[in-house]
């Protein structure tokens, strides 16, 4: 029982990370119809940005999260400028390669700057425990991560639903030309989307970085796993990405505890392959607006 | 109000418009008619800024807008109701209308225009919480027209508003167009249903493969044999 | 005798009925026109005939053989070849290479033969090159042989499209809006080309909204609206049909 | 100039044969050997990516699988290099066939991502099936190949010169197979799929079969490269699928020139040697590759070879008024 509850909680922590990164992926896919391979690197950058803020500038960890989101959001804008905008109108495959190239550059620059060894992102609540009925001992950091993640996702969905720019993003995702006829500045929407997508991943990195350690390669497997999450939840769907992320996180955690530790990383991939193969038409034929 | 002179547009290497000259005066309903592929929609999309002309100028109230971006053109007072309605299917009727008012900052103005829309088509008020994709074709057309009006345009471009609608609904749409025009909005109307369009227009232009072949008052064009020829190749 | 026969063909997408109970017989050796307004189901019909979509119900026979369960490439190899509405060429390949692809259906070399460079394979390929050059010459495009398709003038691209289809040696050629984007002069050249193709014994089914072209060259016309056939007959008869006039000019409403 | 053009093939052949004698020292020869491995890898990738227009993102898993197949056959089961090579080709071919059957129903980015997922799963297997693969430790002690023809004393490939010739022969064979495939009816089908899949299908090309064919041949070529590489470095480990190989191979094809036969060769040679010239910047190697990859995609979409062809044609046009 204890093991189960603990693993479940850990699964939710991991799952929230997947969800945040996957949301970034899904937002960008929704608007550009491209797969942004830098999403894992942005996540890693988020962790390092927070680290620099906390360890380098002696800043507060919670402010560091916001700092990481803004700073990495700006990096996202740079990425959009470098590897997406110049290629608009070209075959979709080039985007996978160009963003992959950027991811390699980013990961290795961080490797050069900070070294390959794992670093610790210090959070004041990383070692404070919450005791739930003597069955579950959780660090406050993990609880905070889940709460913060949920808050981000709620904020984002409300943003998409209620604000003018949010509606504009959904409109551009569905039909760019008609959106332009509504007076929406499509290029501006592009930038907002990349900023938000990057900031979401950065938040995940800054949060999870204080749970585990941070290293330049921490985003490597994440990109394809969050793609799996997006496929499971439905392309372009924010709630779907949230749910898919949690499901994958929990099943990895429980599967890792009860079935196989070695292959837990394969769960999401196998599910994704199955989804894509069993109903490719349903998936590809569906409208891919933001929901 | 708007004047196109010598407009040429290409899709890649294919010419779509070859030297279009046309004017719409303040307060008019002007219709563009012609067979499929004659270039009617292309003219509207060029005015809206979705397409760039390679030659020619478009003047709107004296200002050259032929190189202006779509969102700026809207803010100058030109709104387009696109062909096929292009309602955002995953958004509610209300959200669709709000998108039409994307550039309007003043809440009061938005509320007033929503009321006007609901007055124009009471059906939309009933359906305000429903998703756009679940509306019938007629309701979608009503929504599209109102969405176009939400920005408070001086010139409304209507692309095939009767497409695929039952005669009864077409009548409602026509009534709406007339009342919009009576309210002071200039209308440029593209239609396949030439008889309907010409009946309600002050003037009309007949297009054939990217060129204007006839221009006259609506009533006179209705009687013209060349109009039939343009459609039926007789 | 009819070369293509559709019986009770329907196609729906979810709740949308794109084609309903469509019957059609295309006589051997004819130039047959299919017209209808935008969104009437013409292109769906084309896709269903050529195997790019499966009909939801009904049967399609080509030369007496059922084809509605065959994949598109097999239907093409049987001799039913189509063109596309939007210009469809192999943009980065030269004109000659484009047509050589068209020869694919009429050559037999296997990948293994290719790797081993067996003499038969090479002979076949030279023959395909010769055929491609002949077709280019026929269309007056011999000089364009090594020019990339994307760099050809638009009229030539549309001709190249037909050339690719001809290289596949069709018995029935389906042309999807071949005159779209052509000017009057180019259209009249196209009309002559279509007639020449038919004179070689190839049946032609052409979808167009340019009524002049259809009226000018088709012996028989079917009119489709809302996925249903509303009229069929010789051009003069069809153009006097009140239903057709309503579809094209709009219903005469009391306003 | 024309004389050079007429003699280019014999000249090139002579150069390639004499190269290990012109280059003294183990290290330059090692680089040439490595370049040949990359020529094979790049040619294989180019077949699917450049000619058919599908991006097999997880391509490097076939390199790793080929290497492991060969290593296991020779180390665990005492087979010769040649059996190992055949085993590598067989295994990668079968794997690609079964991965390709479902994956190739997907188009565009979905295909790329699914192959990547398969590759990740493959990587997990290599890392975790410890009884067979020894996990991250890898399999050391892979023997050198021996050439034994009837009536001849077995000749052991040993030392950089003989390794160079073996790799050269393999790379030339691979290139020949690619050349013959793409300059044939099969190649017409490949290009047609890349340019316009629907149009290809409409003139009778069974596009699915040909995509599968290209994918399987690509994988088998990676298998050959993997097998030969394993025996050359005498150890295999899951690193064969690492970022280093992925980014290197993709950059070679992209910058060399996709959809050309010489592009992958140019790319492989340049990008094997270039990093060595930048040895001071060892640390920066992957960054530089990344920059080149992005810059290549943005500014030189047709690669060095494509660019050179354009320049050549322009020169010819200008030379002939």
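For reference, chains read A, B, C and D in written order, and residue numbers begin at 1 within each chain.
The rule is short, and it goes like this: a contact is a pair of C-beta atoms (placed from the backbone, for glycine too) under 8 Å apart; a residue touches a chain by one contact, two chains touch by 3 or more.
This structure is a prediction, so every number in the text was calculated from the model and none was measured.
Student: For the chain pairs A-B and A-D, which is connected through the larger number of C-beta pairs in contact?
Tutor: Most C-beta pairs in contact, of the two: A-D.
Student: Which chain's centre, taken as the mean of its Cα atoms, is farthest from the centre of chain A?
Tutor: C
Student: Report the inter-chain centroid distance for chain A and chain C in whole angstrom, where each centroid is the mean of the CA atoms.
Tutor: Roughly 47 Å separates the two chain centres.
Student: Can you work out the whole-Å distance between the CA centroids of chain A and chain D?
Tutor: Comparing mean C-alpha positions, chain D is 33 Å from chain A.
Student: Between chain A and chain B, what is the gap in Å from one C-alpha centre to the other?
Tutor: Computed value for the inter-centroid distance: 42 Å.
Student: Indicate the whole-number Å distance between the mean C-alpha point of chain B and the mean C-alpha point of chain D.
Tutor: 56
Student: Go ahead and list every pair of chains that touch.
Tutor: A-B, A-D, B-C, C-D
Student: For chain B, which residues are in contact with chain A within the complex?
Tutor: 45, 48-50, 69-71, 74-75, 79-80, 82, 86, 88-91, 95, 98-100, 102-103, 147, 151
Student: Which of the residues in chain A come into contact with chain D in the complex?
Tutor: Contact set of chain A toward chain D: 34-35, 82-83, 86-87, 90-98, 100-105, 107-109, 112, 220-221, 224, 227-228, 262-263, 265-266, 269-270, 272-273, 276-277, 280, 284.
Student: Can you check the complex and tell me which residues of chain C touch chain B?
Tutor: 37-39, 87, 153-154, 157, 177, 180-181, 183-184, 209-212, 214-216, 239, 244-245, 248-253, 255
Student: Which of the residues in chain B end up touching chain C in this complex?
Tutor: Contact set of chain B toward chain C: 11-16, 35-37, 162-164, 167, 170-171, 174, 191-197, 199-200, 209, 228, 231-234.
Student: Considering only the defined contacts, which chain D positions touch chain C in the complex?
Tutor: Residue positions touching the partner: 177, 180-181, 184-189, 191-192, 194-196, 198-207, 213.
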